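Taking it in order: structure first as structure tokens, then the write-up.
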Amino acid sequence: MDLYEHQGKELLREHGLETLQGIVAETPEEARAAAEKLGGPVAVKAQVLTGGRGKAGGIKVVHSPDEAEEAARQILGMDIRGHTVRKVLVEGGAEIESEMYLSVTVDREAKQPLILFSTEGGVEIEEVAETNPGAIVRLHVDPLIGLQPYQIREITFSADLSGDTAKGVGKTLQNLYSAFQKLDASLVEINPLVVTADGKVLTLDSKVTVDNSSLYRHKDIADLHDVEAADPEEQRAQEAGLQYVKLEGDVGILGNGAGLVMSTLDVVAQAGGEPANFCDVGGGADAEKISTALDIVTSNRQVKSVLFNIFGGITRGDEVARGLLSAIEQTDISLPIVVRLDGTNAEEGRQILAENTPPNVHTEETMLDAARRAVELAKDGGQ
Amino acid sequence: MAILVDEGTRLLVQGITGREGAFHTGRMLKGGTQVVAGVTPGKGGQDFEGVPVFNTVEEAAKETGANASVIFVPPPFAADAVFESLDSGMSTICCITEGIPVHDMLKVSNYMRVKEATLIGPNCPGVLSPGKSNVSIMPGDIFTPGNIGIVSRSGTLTYQIVNELTQRDIGQSTAVGIGGDPIIGTDFIEILKKFEGDPETECIVMVGEIGGNAEQRAAEYIQSEMSTPVVAYIAGFTAPEGKTMGHAGAIVSGGDSTAEAKSQALQKAGIQAATNPTEVGDLVARTLGV
Amino acid sequence: MDLYEHQGKELLREHGLETLQGIVAETPEEARAAAEKLGGPVAVKAQVLTGGRGKAGGIKVVHSPDEAEEAARQILGMDIRGHTVRKVLVEGGAEIESEMYLSVTVDREAKQPLILFSTEGGVEIEEVAETNPGAIVRLHVDPLIGLQPYQIREITFSADLSGDTAKGVGKTLQNLYSAFQKLDASLVEINPLVVTADGKVLTLDSKVTVDNSSLYRHKDIADLHDVEAADPEEQRAQEAGLQYVKLEGDVGILGNGAGLVMSTLDVVAQAGGEPANFCDVGGGADAEKISTALDIVTSNRQVKSVLFNIFGGITRGDEVARGLLSAIEQTDISLPIVVRLDGTNAEEGRQILAENTPPNVHTEETMLDAARRAVELAKDGGQ
Amino acid sequence: MAILVDEGTRLLVQGITGREGAFHTGRMLKGGTQVVAGVTPGKGGQDFEGVPVFNTVEEAAKETGANASVIFVPPPFAADAVFESLDSGMSTICCITEGIPVHDMLKVSNYMRVKEATLIGPNCPGVLSPGKSNVSIMPGDIFTPGNIGIVSRSGTLTYQIVNELTQRDIGQSTAVGIGGDPIIGTDFIEILKKFEGDPETECIVMVGEIGGNAEQRAAEYIQSEMSTPVVAYIAGFTAPEGKTMGHAGAIVSGGDSTAEAKSQALQKAGIQAATNPTEVGDLVARTLGV
């Protein structure tokens, strides 16, 4: 779960990180009031769950409450990579001497937390990794003993930091690692981490992603979930216990099992089609769930045909077929649906479908044939 | 032979009286697996379909000689269950549970370094050696004993591929679902190594997907260390960046983690790669010369 | 560092353990007031840094403030195994259903914390270990992952506990382990841990020993050190940076290095003597330190002769000899002192001693001869 | 041969610019030890008696090829120093520091399980292989090269015994002070095993004291696994219960931890035990037939 900048910062502050003072505003007037309260120059920053807002014009530095109001007026409502800006963070200014990068993430390969630090902050770390890989210090933390003081020294000495800056970065890292752990984060990133003219080390911009699987023990964070910002179909799928991801194409895809569905998307693409979504209905032949899934998939107006790819494993093919038929009955879909049924009792299942099938349902024996058929039907415009 | 589980596997089920645990224990028993004990705290002394239930793994192991465990306990208690199995001497542990916090798994997987055991999963279908032992939630019916080893990050995709093989009368030695989470106990390489050491396994199918770079590392390993032929398949070429495709670990988060990058690494290492599950069956058949 | 019962309990309470309400009293009158405040029957318990106070009459259960005052009068000033009682803890009563034992200590062999639990509480665990070893559950905690919930279940199920008792014991163990860690304890022991008639699990008596080496990070605990209760000579030695333990014999012993001094004590005993103390002056030839050590050792009136056993290692024997002579000059000791000097430059050292030695200083070449001489001199009454 | 340290030892000193570190580095250099690097955070770039000083062990190891370290940093920072050496690939680490909290050592010694290195100490004099390498605070002058291995919980007592040997013209292969703390990195058994595997070591002196039961376990090990003769000596017969005799670990806290119990265990295992340091020399001489 990604957090908004202002939410992530609030949590990081609770773990001892130092940030600039900031106020969230939902209207230009609130932004003006915030700028008045903070005084001096302020930054008005779009709050969106995506990167690249700077390039998109979502961050403006202004020098008066008037300007802040005007900036907020421009930014609020803006669309940044498909995300509508509904809040801005108005933050006080700081005289910046240098910008660094600091993050803790999970390294899947090493199975350990990975710290990345660079004195080249303010740009994306991937960019630094390409242009100047030597400027990045990488350091794994062994979860059995946690972050050790010597590791902090390795970071600060490697960057030739000294005095208060070294101390400030060290303390920031210690607190950031602690936050990473306590928040069950999969990513905590500070970019840039700045040294100010008066020697302070501040978190200027940050990103916090909390592991979804841990939300049961972080009720406060789970409550931050922004229903409005989510895609309404994805939101509905989530509530129904379906794995659903919306894509750009016109072939709606359903299946049982994440791997199989991913594979189905690929096969559809190989057949020259474009998947409209990823939708895993999970195990079992629950007609209710299948009908909800069908409804969500087809509520996407771009969808011209639907491919339902089922592998009968634990649930037998005949049961799946009955569940599917009952689901199709419950919904009112006229789009062509291609069903491919394989695995345990697949033949019995196919027979059931053949005997009772509505005219818009087509059955195929193999994934490839089913994919080709669905792509054809979509190209025919769903007729 | 087979790897990880076989006729000598004496299985203990953690969470045997729960909904999932009970359902799959019944199936494993029907499949002929020696399920010797179950564990559900507070239900010690009961029995489940003839399997004695204990309060702790230690007690169960002592009383029944269990040497492997399969875990069906809910996510908040799953890491504890793995530690309990580890510390009670289980040598193979399959953790089926989906949704274990990543930080719990960081602790568990690093603790594995001080233990001699193998942890499969979490968020995995388990391990099945056809005709020998089924320590999984996989449908035993579609399997047939034989010489193909399967190692996969995905459950249903494994079933699909097994079905392709069985339909071609190509049997399997062992199928291992290593799991779809970002942090898993055992990666491709450890399983490939075991298959390489198994004289019964003549060919291996490796099923990967987007996320991480385990497939790249496996490709290097296969090229430099293995003589057993490997047929690979990667799912997720159409997956967009930053979206979780069903499995917590199946997410494109950088160049390395795309299906394309993985596929290229496999090709570079001279490994046969199929473009769909059916082709996996074809390639295996061709490799075996059947 | 051993803590008094009331101090240890206070710390355990801060870590969530439940105890009876108690008030410390230094006079019989205070004990009466405490009993009045607590109401009902109370226990008046001697606060001493030694075990066996129950058998010595240091704990009395009384039923009125009058009786509490009288009990305190009897207990205060009592000598228990050489410890004078200067405080009592007045504690409220509880209706006890059963008594258990629970402790966490450091297992040197396994290099891990060890939990001991027994349903046979109220007696010393060593006694249970002998009479009914099966009644003790032993459980190691791996410091790399800490105490796990399954381990708590192993404890409670092994003792056939259930319901609230199991929960209470589980919570107690969790808190006790956490206290063990956070307090840098080498021992935390609850004996007995009781279940009351109303189902509560309470810490009735407890013992807390904090690792001396950790006191630098536990200022609050270090401040609890009871200077009055310590042996004055041991206290003085500690302040001077000397390792000193008072014993019962008449041969005072000094040396450089703990192992060598321990060995010297043994050799003196083998020679038929009785060591009066253990005193390690450490490395170097600091005359100041040696003279303080000599002064402390001889301030014990029982001492009839002194054996100074030196092995010149890093410090050369001649330097040690000079330091020793200067130290003897600084003090005013007429007791016979046997000096044995060996190791690097031992001969030079012995020569220096031979040339300048006062009449009460005798030199010997070997540990054995030195020990025999010191024992003889002690038997002669220090003449 | 020798054990743990020899001509190939390239030593790094942690805390080289501190009082103790500086003093003993000077002595080790004079003794011919290859001290290749020192580490003191913040003093990187300086040099100490010709030895380059670095800010971190990692940097020092990379620049100088150091393979062993000796630690002189104060107790609050010592565990961190051990972790730093471990994680930077040092294979032998001698921690001289006295007064490290027990809970720090619990963490360190358990972490050792995932590492291939050997930690000697803490609160120990270190390791010295006469004529080869001195990674210790032991007085090199009293040693002479030879075939006796020494493993001891006490420093000065070791010197005393080495002196007894040298005076009898009996040289030493390696002397290892394993340390006087309750929790130490390496116990008697690991060192005995190394000596047993060292063809140069013809006889071993084991010096124990009160506290713990490491001597009993060593006795069992010697009896069942070793062919090299061992002469043992235990100090502390006169120690009262519950009093710390100088070393944090030297405390009688139960039947097992007394000198008597240890002595009996040694005798039961058929191991020669001396009653004083002089007798150790006599017994070794007799064992060698000199």
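We just call them A, B, C and D in the order they show up, numbering each chain from 1.
By definition in this document, contacts are C-beta pairs under 8 Å (C-beta built on N, C-alpha and C of every residue); 3 or more make two chains touch, one makes a residue touch a chain.
Being a predicted model, the structure only gives us computed values, none of them experimental.
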With centres defined as the mean of C-alpha atoms, identify the chain lying farthest from chain A.
C
B-C versus C-D: which interface comes out with more C-beta contact pairs?
C-D
Averaged over CA atoms, how far is the centre of chain B from the centre of chain D? Could you give it in whole Å?
46
Rounded Å distance between chain B and chain C, as computed from the means of their C-alpha atoms:
54
Geometric centre distance via CA averages, chain B-chain A, whole Å:
27
Quick one: which residues in chain B touch 2 or more of the other chains?
107, 111, 113-114
Interface hub residues of chain A, defined as touching at least two other chains:
142, 144-145
Is the way these chains touch best called a line, a ring, a star, complete, or other?
complete
Per the contact definition, I'd like the list of chain A residues that touch chain C in the complex.
144-145
Contacts from chain D onto chain B in the complex sit at residues 113-114
Residues of chain B that touch chain A when the two form their complex:
27, 75-76, 99-103, 105-107, 109-111, 113, 137-139, 141-142, 152-160, 163, 180, 182-183, 207, 209-214, 217, 235-240, 243-250, 254, 259, 275-278
Would you pull the chain B residues touching chain C in the complex into a rising list?
41-42, 44, 55-59, 77, 80-81, 83-84, 87, 107, 111, 114
Any idea which chain C residues touch chain D in the complex?
106, 108-109, 111-113, 126, 142-144, 181, 184, 186, 211-214, 216-217, 243, 245, 247, 255-263, 265-270, 275, 278, 280, 311-314, 342-344, 366-368
